[in-house]
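Take a look at these structures.
Both of the next two complexes hold subunit A, though its partner changes from subunit B to subunit C.
Now for the complex of A and B:
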């Protein structure tokens, strides 16, 4: 029987890739500016919402619940994305090459997130008389300064990781971009890079170090977020795996956001050849794994409270699971666990562009709703009377808090601000890494294998 | 003895590997040869000298300094302003560890940035002998040799198909 002869896959050259990416990078069209304008408008709306909240002061902490939920959502999706770059680089995954720059560019959103942290910290009550990881540290430096330092360091690591891995491409922009402010900026940021053997060796080692630092410190950020903005405000909250739960949810959110951004860049940015089926298919697998872990960690926490049956635990279950925040939990349960599980167990869905994208979008919506549950709820618990210690049982269960106009502006504006920063940085640093894709091309050879052709990928080191 | 520098530009990596082998065979020390490229090749792909670096020492030193600052800072403030709560020890270790860990990491990353710049010999205002085609995918062989041997180096680069040879 004659076999069908398949076309021999063509592997592009470095020159082709570099000129293609540079052309897309240099092109700043009307559609780009339209999106930037819209996002800037929404971001300004967010600032208006913030000023509205600010005018009411910080005495009523419930005013700042949605603000904090937005902050934590951004920190658990946008700011978690460099972990994908660090992790996949450590794992030497070849398919990651076109997409890691996209995740590194997201580190720029950390600047916005860090500034958003300041009002959220001011809204927190002093640590005296309540449970916290800071014990009775009364000094301002303790939880406010500690949080600012930890979050700031995570942001710094992300920015250093981004800069280091972008230096070779910034040098390409320096060399080939016509004289312009962007070209001048690239000249400064490329710091005289020429691409000699020593520079490449140091870049490889430096990228591994920064990636490892990010992986080491990001869990600390999530621990403080959980401890200071949730557990420390909820009487009866004693959940040892809460930081790990938050971390797993952040990884799920980061993968979901990566899929959605890849789809957008593919559909509207003309990057089809870089964000192909390999990238979507490969990322759908960790997305499924994180979705299963979402349930595992949620169940691990829930069952402890359920069987504990102490008054504080029972009241918390009523507040966070059964009564006030039942619907947000159900939405999140569907979009972060059931939906991904039902969809991604099917090979044809995983092995598609649209399947993982839709699931990823759902995961993001579920994550936002879950963060609202996680942070609006504790911010709605009133302080104890002056001079009294914080109780171990909720004195009364607050009703679920719906967003006001200012809250809606803050949520939409905060997310728009992060996307806006991402869009702006994409015109300073190419969204696809020319040097990493170029390096990967050299490791690929098409070989005859029996009746077909196979793509053979070598290990780079 | 005065030295000069040459940069041979190639499009084909195989020709670069051949030229490197021939240069070494002609007696040019491997330490005086370098490869410029727009993306990295597997180490030793051209038989080039693999320059040693000490980048990993920088975060270690930074981490030690950061940890020490964190320890002095947290312990110093508590000892300077002793507030005894419920008869507990003045030094509260758990919150101290958060600050010390954070300082350790901060020290490590700041020193890593310095290490990256120092070990890469960056920043440089003048790119020196360089060609913009390198970031397009061309590969450059950089030769640092005595003036009187420049002709021999140029001949090797030319015979292996260099598209252009630049001189300092």
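Now for the complex of A and C:
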């Protein structure tokens, strides 16, 4: 048997890591500005699309279907990303360290999402005479005010988490670039951080506490999104599983987006040593699990409606599954379930950079198409004649609605706006957490294990 | 910290094989007592078959009662094995090691108990014949394969078979150790069962691969079993049953009760078999953390079930929920269910001191399972009492002593089988413990030594 030599794994020092991340953070090159300009242009296009829709008013709700689909897509991918960092931190997964900041920085997109929510809420009909999770709660403020409050709280917690967990790195930026505008901003944001024991204790406790809040509140956001923007507009829709389905799909989208962003940062940002095979491999497993759950939740809903065969159920199946929106469903089925299952069941694919990235990109496309199905469809159902209560069965099945020019601008512009915000925040807060990666290095040592060298990773309580 | 007690391989063998190689008095007493209860239950079943289902509390319109509740309860408990073993194995959670075997074994015996229930419930067990063969030979009328009632036995027997395979695959290295310490016929039996295991690298490689493969393959079966049980309910049009959320709600509920049952089992095992060197506060703590997550997810789904039940404001749906929640005695049972399965245990588990107390964890895990039994009961009975506007007989359901005897008999049966198993096989896998010892280390952080694990580079 040939003797196999195993190299001793090299563990970098905290100093090396900090210097490297800081150097990349300081570097704002031409390519960065080109991308920022392009995204800004697309975002402006989105605003133009929005103004076009605004000029038509809110009377015809079907005009706002694609807008709402964009909103829900952003809320179910970008805004779901802090869950990854919060969840992995609670689970004490060591491999999370290089990617937590990336997911936390996405919380900044919550600002755009919250502002996008306002027109979508205005487009909704009042709750009088129709089914709503707000039941007989008086006045339109119930669902409009309630939504704004819940979404706003999620966004604020996400921003607070982003800031709290960035404070040590902001202090490093403050000390490294004292004269630059970014350094001055960091001075304000780092609130006198010196890294004493008490400050660290507050940071760790705060991260766990607010991370848990985020984890608990985000499902409520998805419940309201499904109930008010979908189920409440579809006569006969009694789908208790829908919010849970949306939550699972949001987690799948968040993992997919994390993988894609990691790949981009690797490829174009030079962050290869942080977003390595460990991160891709580890994230591909929950991606596979969420893909299986995608089917499981969809099937749980479908089989109940299919066997129920009540008039309301049959019409909804025809509308959302068999007739008007069957192609979006098929696309989503392939990209959110079949594709990930066929690809990620193989360990060599999971344990690669390209495999999870391609699957993640497919998941995002599938998620967008599925959100279009979920929200464009209910928005295309007309209101009942004035004075009549909302029916329990779809009176007639509307045709599938294709996007107009304004819709296309809104979809592209909305996504571009979110990416733009992410790119901007990355130049205020480093995209890789120096302190968290550094902390991880202190928990690692290399030791001889049988015939090879192995990493020993500490897991404290 | 994990693995604070380092044991040699000899010590592990000696301590874990104690019950296999010797027979303590308490074991004989306990097995005898449980055997009497099981015999009583068998007698009750015989009496019921002789007298007919009239000796139970089942009356028009409630024809699903304690037996079906108990069937769902044991299917739920059986979810612990895979939850603990397969998922934690795949996620390489180190703290799984002392509990996997007991959890997997409990799965097998719980499934056996659950499978017995539909037979008992049928009143005439030989009617199982018609689940497989035509109802009407002459015209070839077969059971409707589109019905989840037909899928149920298929899913459960698949789960039972794969669970037994799962237990057996993980047992092989330990069987070889017992073989090497036995004489006479026992040596022959263990020798045959251990399939010539010598622990060479190839065998370990295959064994490891089989464990991972079985873990991955059993997961869809695990999810499908309780989902199909839930579809027995949700594909019907009975108010409060015809809801889309039942499949994940049942699965999460099953995991909640199953993991709680593992906590109960681990604590009792630790006491009876003196396994203090293997089952520590940290293991129970980890299970309690897992339970908190599962309980919160379960509560989220319960809340969705309730909100969307009221969503359409249908009179019958509201009637059933009002019956469950506000009309005695169901309201009392509902209160107990809600308190026991969530309100009392979950806040308590937030305290580290409770999570690390064997006494607190024993009682809270027992509470959860009592609460979850009530939950299944409350799903079934009130809904059948008001299942349609044409239901004129608003009779209630009271389980009879015969039903109580049979229910207690199934609890005794599972405990009895676990005790018998422990006489012949170690309840904690020896090789898992030894592997765990091999992977432990410490890293010095500042002035503190933090427990650490080897990760292959």
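Before moving on, here are some points about what is shown:
Everything that follows uses one rule, which is that the second predicted complex is superposed on the first by the 455 of 461 C-alpha atoms of A that agree within 3 Å, B and C clash if a C-alpha of one lies under 4 Å from a C-alpha of the other, contacts with A are read in each partner's own complex, and residues count from 1 in each chain.
Simple rule for what comes next: contacts are C-beta pairs under 8 Å (C-beta built on N, C-alpha and C of every residue); 3 or more make two chains touch, one makes a residue touch a chain.
If you're wondering where the values come from, they're calculated on a predicted model, not measured in any experiment.
Of the two partner chains placed by the overlay, subunit B and subunit C both lie in contact with A:442.
Look at A:202: by the touch rule set out above, it reaches subunit B but stays clear of subunit C. Within the superposed three-chain model, A:51 lies out of touch with both subunit B and subunit C [touch as defined at top].
Touch criterion met: A:210 reaches subunit B, while subunit C stays clear of it.
Of the two partner chains, neither subunit B nor subunit C is touched by A:11. In the superposition on chain A, A:330 makes contact with neither subunit B nor subunit C. By the document's definition of touching, both partners, subunit B and subunit C, reach A:133.
Touch counts on subunit A: comparing subunit C and subunit B, the chain ahead is B. In the superposed model, A:277 lies in contact with neither subunit B nor subunit C.
By the document's definition of touching, of the two partners only subunit C reaches A:454; subunit B does not. Subunit A uses residues 133, 135, 216, 442-443, 458, 460-461 to touch subunit B in one structure and subunit C in the other. Within the complex formed with subunit C, the subunit A residues making contact are 6, 9, 131, 133, 135, 216, 219, 223, 231, 238-244, 285, 292, 296-297, 300-301, 303-305, 307-308, 310, 392, 442-447, 449, 452-461. Taken in their complex, subunit A has these residues touching subunit B: 13-15, 18-19, 133-139, 141-142, 146, 149-150, 153, 156-157, 160, 164, 168, 171-172, 175-176, 191-206, 209-210, 213, 216-217, 220, 224, 434-436, 438-439, 442-443, 458, 460-461.
Within the complex formed with subunit A, the residues of subunit B that make contact are 13, 34-43, 48-51, 53, 55-56, 59, 77, 81, 83, 85, 92, 94-95, 98-99, 101-103, 105-106, 108-109, 112-113, 115-117, 119-128, 130, 132, 134-137, 142. Per the touch definition, subunit C reaches subunit A in the complex via residues 1-2, 90-91, 220, 223, 227, 231, 234-235, 237, 242-248, 282, 296, 300-301, 304-305, 307-313, 441-443, 445, 450-457.
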